[in-house]
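What follows is a group of structures, each given as structure tokens.
Below are two complexes that have subunit A in common, paired first with subunit B and then with subunit C.
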Partner chain A sequence: MEQNNYKGWLYLLPAIAFLGVFMVYPLVDVFVYSFEEGYNSASQTFFGTGLYNYAYVLHDPYFLQAVKNTLILVAITVPVSTGLALLISVGLSSIQKLKDLFQTVYFLPYVTNTLAVGLVFMILFKKTPYTDGLVNLIIGLFGGKSIDFIDGPYWAKMFVLCFYTVWVVMPFKILILTSALASVNQDYYNAARVDGTSKLRIFGRITLPMISPMIFYLVITGFIGAFKAYSDAVAIFGTNLNAAEMNTIVGYVYDMLYGDSGGYPSYASAAAIILFAIVLTITCINLMISKRSVHY
Partner chain B sequence: MGNQTDFERIEKAARTRQIILKTVTYLLLGIWAVMVLFPFYWMILTSVKSYSVYNSEYIPSFFTLSPTLQNYADAFTAVPLARYFLNTLVFTLVTTAVMLAVITLAAFAFSRLEFRGKNLVFTLFLALMMIPTELVIITNYATITSWGLRNSFPGLILPSVTSVFYIYLLRENFAQIPDELYYAAKVDGTSDLKYLLRVMIPICRPTLITVTILKVIECWNSYVWPRLITDDASYFLVSNGIQEIRENGFGRENIPAMMAAVVVISVPLIVLFLIFRRKVMEGVSRGGTKG
Partner chain C sequence: MKVVLQNVTKKFPSRSKKAPEDVIAVNDFTFEIPDGQLIGLLGPSGCGKSTTLNLISGLQKPTSGRIFFDTNDVTDLPPENRGVGLVFQNYALYPHLTVRKNIMFPLQNFKGEAKLTKEVMEEKVLEAARLVQIDGLMERKPSELSGGQQQRVAIARALVKMPSVLLLDEPLSNLDARLRLQTREELRRIQQETKITTIFVTHDQEEAMSISDMIIVMSAGVVQQIGPPQQVYDDPVNLFVAKFLGTPPINVFEGEVREGKLYIGQEAVLQVPGAADQPVTVGIRPEGFVLREDGPLSCNLSRVEVMGRDISVVSTHPLCQNTAIRSIISAENQHSVGGPMVRFALKPAKVFLFRKDSGERIRFEVD
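And now, the complex of A and B:
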């Protein structure tokens, strides 16, 4: 037993060492950073402790812009992507022909590099001196006026960002919902059909309740993912997100840490902790709602 | 007689409705398939248009009659794309290999070995699953910088070689292996390590493959950490490379060459996916995130 004791820890040693250095210690350290005022990364000194970093971040117009952008992004992409994925999954599970092909195609965005494909989206939407870009030509076809989606008005840029985010997150949601739909016991449907229940009613009374745990799982992970949006925005608008007015909260954290406006780990820490608090609150609210309305 | 026609009429209406529903379903699925595929088509198309053709098209054409591979040559010569590619390959392989070793050992300890404090440590591990990367990345950046590991492979790799979630996934799988096998092996005088390598790993290969696939996808696409820790282009991964190409490479207007680079970066994972389609999709539905 004694020898076994020491052996168990030996096997765990690499994992504990890595987690200790790169997760547990940073977790403590980030709170320490966030309370150290006027921290200087060059000399590693600071001249006080308190809530100044939080106050600074909360009054920084760039941070407020980032919060606004992130909230809009979350409010639009989570319902749209979940609803669309539900629609597509229901369609997908009602067909037999071409099902495999569709499933494979729908999954492609998951295995692509977000930064690389974002460039393609930028080109499709961008207006340059040489060309209006494909999307604008299509708008023109319907008699609309061309807009610069990449350097133009705020709502146009937000539209592209939301569009791309939905495109990127759809594969995961379709996959989860399709397998959830496939696992609903066929007996329920047969029983309903014997009773002559209409299709819409079957969907509302059987399908939705049966897959509601998975829908809520997707809503919760969707919220968390959308709050952490960053690379999608970089992919489309480039690294200087503040100039494009398209920064996100995570982007603000990284900009504070590194790059042209960087060198302020204290502000970055305060912003990261605020983000974590927001995500935690939203997740708790989600869980409370799901306890009440999800059928298990 | 009247009853008969009524019945026929109802049946016919039902069939029409069925056909309409089917058509609408296929139409909807088809539209989304086009939405997904179009960007891929557009990037391949643009990458084979020559620079002058592309820039002279005010209305971009949907096909090209004179495809050229010049852009691919440019992508490999004008910018160090091969370098980015190689870096990413090394980063992905080493990170995945080291992580597999670390999590296998940990999962083995949690599922097979008995020692004091095991349950406490396991609970602590599970608690760590809730910690988002954004919260710890700030200190990790400071740590790696103070160790002088910026612009180096260890600096890129070290923070991402453990994953509590994968340890958990693997432990659950290890725990399903019946104890009798272990005792039988013990009677035969097999050491713990040998038992792990010869019995447990082969039995749990599907889970290990799942973890490998997920990690490879994650590594190939990782952007944030490499961006923080490298500013020397000879250590860039493909994500940072493409960002660099976009902002400084080729001159900003050479979009066909840029698209050639995008195609080159996208192809490996797509090929990998098409080969291991079932495995990838099964793996992602078991343990994937992203969105």
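And now, the complex of A and C:
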């Protein structure tokens, strides 16, 4: 074994080379940029090194707004989308008729274009001088006051963003959860039935633990996905997210690089590294919790 | 508790478009299982054994017919109200729960007045665990147990609520040969200690014969014969039952009855008074052969296998349906085997005649 070690490395070489060039090197590079003040990618020059970039980013009100938005988005959409997906999956797996139809319908958002759907959402929610939009029409029916969800108060805009995000991420979760539910051996349910277990208890004590690995998988990827949200906000509120107070961390990074106020790769790198640190921490916590509560 | 099935039929709708008629898994079952006995439900794969078990447990509803526990009609009762314990072929132990919690699971379902205190539950769990001798493994997860231990946990879980009927679906099929022997003795012991009416499904005739008080032999959804194992073995009602029971299997010949004598080929091998003249299928148990130099049945000797207590004479005969005739002869007679031919006399009680068309038994007088 020992002498043949180099052979193993040889087999791994292509993969390691690709990963090194396209993943490890950029990551390290971003890390380095984040400590270089006023780095210019064209001239490859910078003024000095230090923590100045971090200090600037952490004091930038736009960045703080983006962090706040992202955290709210994560805190709302991950639990809501996972919970709803679970409900819908359980419903789907307990019906017989039209099951395939419903499954297809629930999966449709996954194959539709994010930006096109964003446009539709905007039309549904937007209030213009000519029309209040469909959603406001419904609110009006119940006697509520119309609100501009796209250009109005902060909470209304956040609501649309969360709604839209949940709508976009649900199909994948439903797909995963319905297949997880289908793969639970029917004998467990039969055994529980013979022993007179109530439906609720079967769900809580058998179904949930059995599919818990999949639920945790969805929560972890859901967190990561929500932290990296950007295109959803653009689809609804347009590219000037800072003005709309709807920027996300990734949006901030993008703006710093290419936006109207852009051309600051150092600040972008620092923001990206902060995002990386947040995601890493949350994912580690998630994994720790899942190790403790997934039992097999 | 007595279990009675009355004209129970179970049909499944056909899934294939080419053969749209229903699949009849269980066809017009009528039998009565006496209280406190161990019953083996025996038959080849796909003969409806497991369906019968599911019908008794209530997991499936019969298409027609009634099922009684003692005098109570339970046909329309859901499984949870029947008070049955069911052990699944794959045990269906909850993988995320420890042995203790697995066994306790059924007890925690009791509601209202039947609800038990924590102490009583613990006690009952321990009692059931002791009965199947797994009380040392209570904190383990099923994945940390061997197949035999998992099997015991499954039985304990089925027994803990003191069911009126215990049902086991192929309980030993996932165990290795040695463990199977040991576990079937265990099963017998547990059944005798608890006196719970127990029905177990198996395709292994040896397993069923060795521990059952009574066996029910099934084929293609129809009950063939019910009775104590020895009786079914000694007195099969048809060719199927005769072929299905016994190792080595029964030897089947083409033969003919003429004037009270059984002919195999040109040789008159046995007096069969009372049987009408007709072509027949002859079944001869391996122990029904007697080596005799002037015996009426002559076969071509292939080899002799020595098994210590007995010897097994393997031979061939042109009219035998088996590829080889196996006869079990006590070892003292070994000296008389030799040469290309071997001659047998037959023990009348070990020879069965069957109708050629239906396979039904033709009886003759044995003195």
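Here is the rule we go by: the second predicted complex is superposed on the first by the 269 of 296 C-alpha atoms of A that agree within 3 Å, B and C clash if a C-alpha of one lies under 4 Å from a C-alpha of the other, contacts with A are read in each partner's own complex, and residues count from 1 in each chain.
In this section, contacts are C-beta pairs under 8 Å (C-beta built on N, C-alpha and C of every residue); 3 or more make two chains touch, one makes a residue touch a chain.
None of these values were measured; they are calculated from a predicted model.
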Subunit A as common anchor, with subunit B and subunit C clashing or fitting: fit
Partner chain in contact with A:154 - subunit B first, subunit C second, else both or neither: neither
Residue contacts on subunit A - larger count, subunit B or subunit C: B
Angle at the Cα centre of subunit A, taken between the Cα centres of subunit B and subunit C once the superposition is applied, in steps of 10 degrees: 70
First, second, both or neither for A:120, with subunit B first and subunit C second: first
Which superposed partner A:230 touches (first subunit B, second subunit C, both, neither): first
Partner chain in contact with A:268 - subunit B first, subunit C second, else both or neither: first
Contacts of A:206 with subunit B and subunit C, given as first, second, both or neither: second
Minimum Cα separation, subunit C to subunit B, after superposition on A (Å): 9
Those residues of subunit A which subunit B touches in one complex and subunit C touches in the other: none
Contacting residues of subunit A [partner subunit C, same complex]: 185, 187-188, 190-198, 201, 205-206, 209-210, 212, 295-296
Residues of subunit B that touch subunit A when the two form their complex: 22, 25-26, 28-29, 32-33, 35-37, 39-40, 42-43, 46, 55, 57-60, 101-103, 105-106, 108-110, 113-116, 118, 121, 125, 128, 131-132, 134-143, 158-159, 161-162, 164, 167, 192, 217, 220-221, 223-224, 227-228, 238-239, 242-243, 246-247, 253, 255, 258-259, 261-262, 265-266, 269-270, 272-274, 277, 280-281, 284-285, 288-291
Interface residues, subunit A side, partner subunit B - complex: 1, 4-9, 11-12, 14-16, 18-19, 21-27, 29-30, 33, 41, 81, 84, 87-88, 91-92, 94-95, 98, 102-117, 119-121, 123-124, 128, 130-132, 134, 137, 165, 167-173, 175-176, 179, 221-222, 224-226, 228, 230-231, 234, 238-239, 250, 253-254, 257-258, 265, 268-269, 272-273, 275-276, 279
Sites on subunit C touched by subunit A in the complex: 57-59, 78-81, 84-86, 88, 90, 92, 94-96, 105-106, 108-110, 141, 143, 157, 161
